[in-house]
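A, B and C are the chain letters, set down in written order, and residue numbers restart from 1 in every chain.
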Amino acid sequence: MAKDNIRFRTIKDNIFKGLIVFLAFLSGIPLIIILYYITSKGISSINWQFLVNLPKPVGEIGGGISNAILGTLILIAISCILAVPLGIAVGIYLSETKKGKIAYIVRLCVEVLQGIPSIVIGIIAYVWVVIPMKSPSAFSGGIALAIMMLPVIVRSTEETLKLIPNHLREASLALGVPYFRTILKVILPAGLSGIITGILLGVARIAGETAPLLFTAFGSNFMNLNILKPMSSLPLLIFNYATSPYEEWIAFAWGASFVLVVLVLGLNIIAKLVAKKWKVQF
Amino acid sequence: MTEEIQDNVKSRIRKHTKNIGRINISESIFRKILYISGIFIVFLIVGIFLTLLVDAMFAIKTLGIKFLYGITWDPVSGVFGSLPFLVGTLITSFLALIISLAFSLSISIFLGEYFREGIISSILKSMVELLAGIPSVIYGFCGLFIVVPFIRAIEMKLGVPPFGVGILTASIVLSVMVIPYSASLGREVIQLVPSELKEAAFSLGATRFEVIMKVVLPYARSGIFAGILLSLGRALGETMAVTMVIGNRNAFPTSIFSPANTMASVIANEFMEASPGSIHLQSLVGVGLLLFVVTTIVNIIGKYIIKKMSVET
Amino acid sequence: MESSVLRVEDFCAYFGEHQVLKDVNVSISRNKVTAVMGPSGCGKTTLIRCVNRMHELTPNARVSGKMLLLDEDIYSTNPIVVRRKIGMVFQRPNPFPTMSIHENVISGYKLNGIKLKKSEQESIVEESLMKSGLWNEVKDSLHRKGTFLSGGQQQRLCIARALAMKPEIILLDEPTSALDPKATAHIEELITELEQYVTIIIVTHNTAQAARISDFTAFMYLGELIEFGPTEKLFTVPEDKRTEEYLTGKFG
């Protein structure tokens, strides 16, 4: 009797393992499908013209997505300028202030910020920037994206600095180096790879964001370098074209999706490499 | 070192020591900047909340409490009840969680128990990270062209109006998107289960399956739950993918195949059409406040559970 | 009579309400090696961290009493000034990982923004590395980062870094406890050579080490300075019974 029971339990054990493996890899199927679709449908749209031309009205051939690519880059630049210094400063503050009510509240606020849905951030940027400026603009879009990028940078800075051993700080202080120079010239350089990884991951996250830009940067069909005017971006273009009824535009959307996925995944890979190669040994 | 160099260095040190006063000033400026940056974040959150609250209050003043539980949302006739969107959000999110649960749990167990290291583990880990990295609008795009036709075919077989878009489609797309969040957290807590516990069970003659079901999962239970909450938070706030496949209908969903709207998608669809200062816009901001409050509560609870766990371990 | 470089008078130190140093009185002689030894928790590390005012970096730390560096009250001077005149070497070697060997040696200047000409830099680096016995081993790799060095070499780099500031005193906090016996022997040799250039105070839990390298020894127990005197005398004819018991291993 006992022997039969063991056989039965062993079979259950194997079935379970098989089920787990099966389900785990099944989860990868959507990924493969998505990548396959984007690559196969997008590649055919990619050519030099596609990348450097402006969108043309429906029916005309030879349009491109250059304004969207440039717009994405400009928006990333604006939000980095706003979010990176502030994020690093808050990260330093949190890693240096272990106790205290204020640090606890700040940390809580960063966590709340991280969870705010992107569309709500879009509303906020609209009320705070677009309404006073009486017009959508790349600047307001940059602000929305900066708000989204902030928690990522704060978190990665804080985690990186926490890992730096205390005796490094003491070595610098014992040489008579004042506290602020110790942080700026010893601790921050030692944690640089982690901070840069955080920035890259933050950029990867906002590069693909659409919702905050719907009412802020708003999108445009023209090449625009003026950040006080509406600006296009890859995700906005994909959203508008994919939901349109025109075949050519949908094909463009696939092409733009391909470019966007390459950009986002590329940033993730670079972030991984930076974390590995530039890691400082203590 | 020659005498000359010695003297030069000594005098430079002396000159520098005289500037100590300036160092103290730089020091306090530095500390103040850090402190102000931290406070700025607090002001940011408070500002966000108040901004949403102000417009929401206007909406409630004008529409009364019906804003929260009314089931009709019609900008044309000026009726704004947000219940359809609350329900749409909750149904799609919970459905997405249910669909994804088996998969994310399997990934957690796979990576946390069976294949902790090695090539297979790296491959699956990368796949999960890639899933998390794909932008929402692309999920929506693929959902539109892959899932929608599929659902439409099913609807035609079942004799239901073949919209293709709707609650079910949105839930399916959403379920793929939230897998990485509960999977990663689940993996971490499963890996943290002390091996002494597992070895005690093994030495009593238990199979791997029994150890996982009776020892590992119960021990990691709160962490897994926290991961599910985090996924829920993500699903509640997800905008673009849902907007593209849910069908944009402001009616109360009647079946799993109904087109509908979530709190996020109605804002995305109607915000730019609403005139500034209008009751329509204020109501949309009110929906935004609702969304903000719901997601914040879910996220805080999830993070609190995680913190309690790491204190215990 | 040797001249005194550091005078400690009625010195007490606290962590919050907990008192870790009780009425310490001692005078450290110039250009000599003074060892501070005692069992764990006796306050020896706290004592030297009070000399360069590192103790007060811990929250709730406070002190009372006087410490005079060449007749200047350490606690009335800006701590940064004090720390530049006093060097410290820690238990675990801690060269700055993002800097080269050259940059590590002159880091006391660089981090403080004191500008040095290239010739001055090279001169200081060479002199400090020669004094710490590391020059020959690294003179061809000055611009590589210091992390490839062995533990003993890294510690000598840290000593060179402290020496480069030309301090009055160098404080060594159990500098060899993380090193293997061979590296330990090198460092001990180095310490005895260094006393011609600088006054040395070394904290050690190894009584044999104290006997080997120091001219004067202070024995501490439970926050009090029990006995202080020339090493030979303290080790052979200790005055206090507790000193004798510690030396013979009755506790430790």
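Just so it is clear, a residue touches a chain if its C-beta (ideal position, glycine included) is under 8 Å from a C-beta of that chain, and two chains touch if they have at least 3 such contacts.
In this text the structure is predicted, and so the values were computed from the model without any measurement.
**Student:** Which other chains touch chain A while also touching chain C?
**Tutor:** Joint contacts, listed by label: B.
**Student:** Which chain has its C-alpha centre farthest away from the C-alpha centre of chain C?
**Tutor:** Here the answer is chain B, farthest from chain C.
**Student:** Work out per-chain C-alpha centres and flag the one nearest the whole-protein C-alpha centre.
**Tutor:** Central chain is A.
**Student:** Indicate the whole-number Å distance between the mean C-alpha point of chain A and the mean C-alpha point of chain C.
**Tutor:** 48
**Student:** Using mean CA coordinates as chain centres, what's the chain B-chain C distance in Å?
**Tutor:** The mean C-alpha positions of chain B and chain C differ by 52 Å.
**Student:** Measure off the straight-line distance from the CA centroid of chain A to the CA centroid of chain B, and report it in whole Å.
**Tutor:** 14
**Student:** Could you tell me which residues belong to chain B and also touch two or more other chains?
**Tutor:** 23
**Student:** Send over the residues of chain A in touch with two or more other chains.
**Tutor:** Residues 178 of chain A touch two or more partner chains.
**Student:** Counting only residues that touch at least two other chains, what does the list for chain C look like?
**Tutor:** 80-81, 84, 112-113
**Student:** Which residues of chain A touch chain B once you look at their complex with the stated criterion?
**Tutor:** 9-10, 12-13, 16-17, 19-28, 30-31, 33-35, 37-38, 86, 89-90, 92-94, 96-97, 102-103, 105-106, 109-120, 122-124, 126-128, 131, 147, 150, 154, 178-180, 183, 204, 207-211, 214-215, 218, 235, 238-239, 242-243, 253-254, 257, 260-261, 264-265, 268
**Student:** In their shared complex, at which residues does chain C touch chain B?
**Tutor:** Per the touch definition, chain C meets chain B at residues 78, 80-81, 84, 112-117, 119-120, 123-124, 127, 166.
**Student:** Would you pull the chain B residues touching chain C in the complex into a rising list?
**Tutor:** Of all residues in chain B, those touching chain C are 1-2, 5, 8-10, 12-13, 16-17, 20, 23-24.
**Student:** How about chain B: which of its residues touch chain A in the complex?
**Tutor:** 23, 26-27, 30-31, 33-35, 37-42, 44-45, 47-48, 51-52, 55, 102-104, 106-107, 109-111, 114, 124, 127-131, 133-142, 144-146, 176, 179, 183, 207-210, 212, 233, 236-240, 244, 264, 267-268, 271-272, 276, 284-285, 288, 291-292, 295-296, 298-300, 303
**Student:** Touching residues of chain C toward chain A in the complex: what are they?
**Tutor:** Going through chain C, the ones touching chain A are 52, 54, 57, 80-85, 87-88, 90, 92, 94-98, 107-108, 110-113, 147, 158, 161-162, 165.
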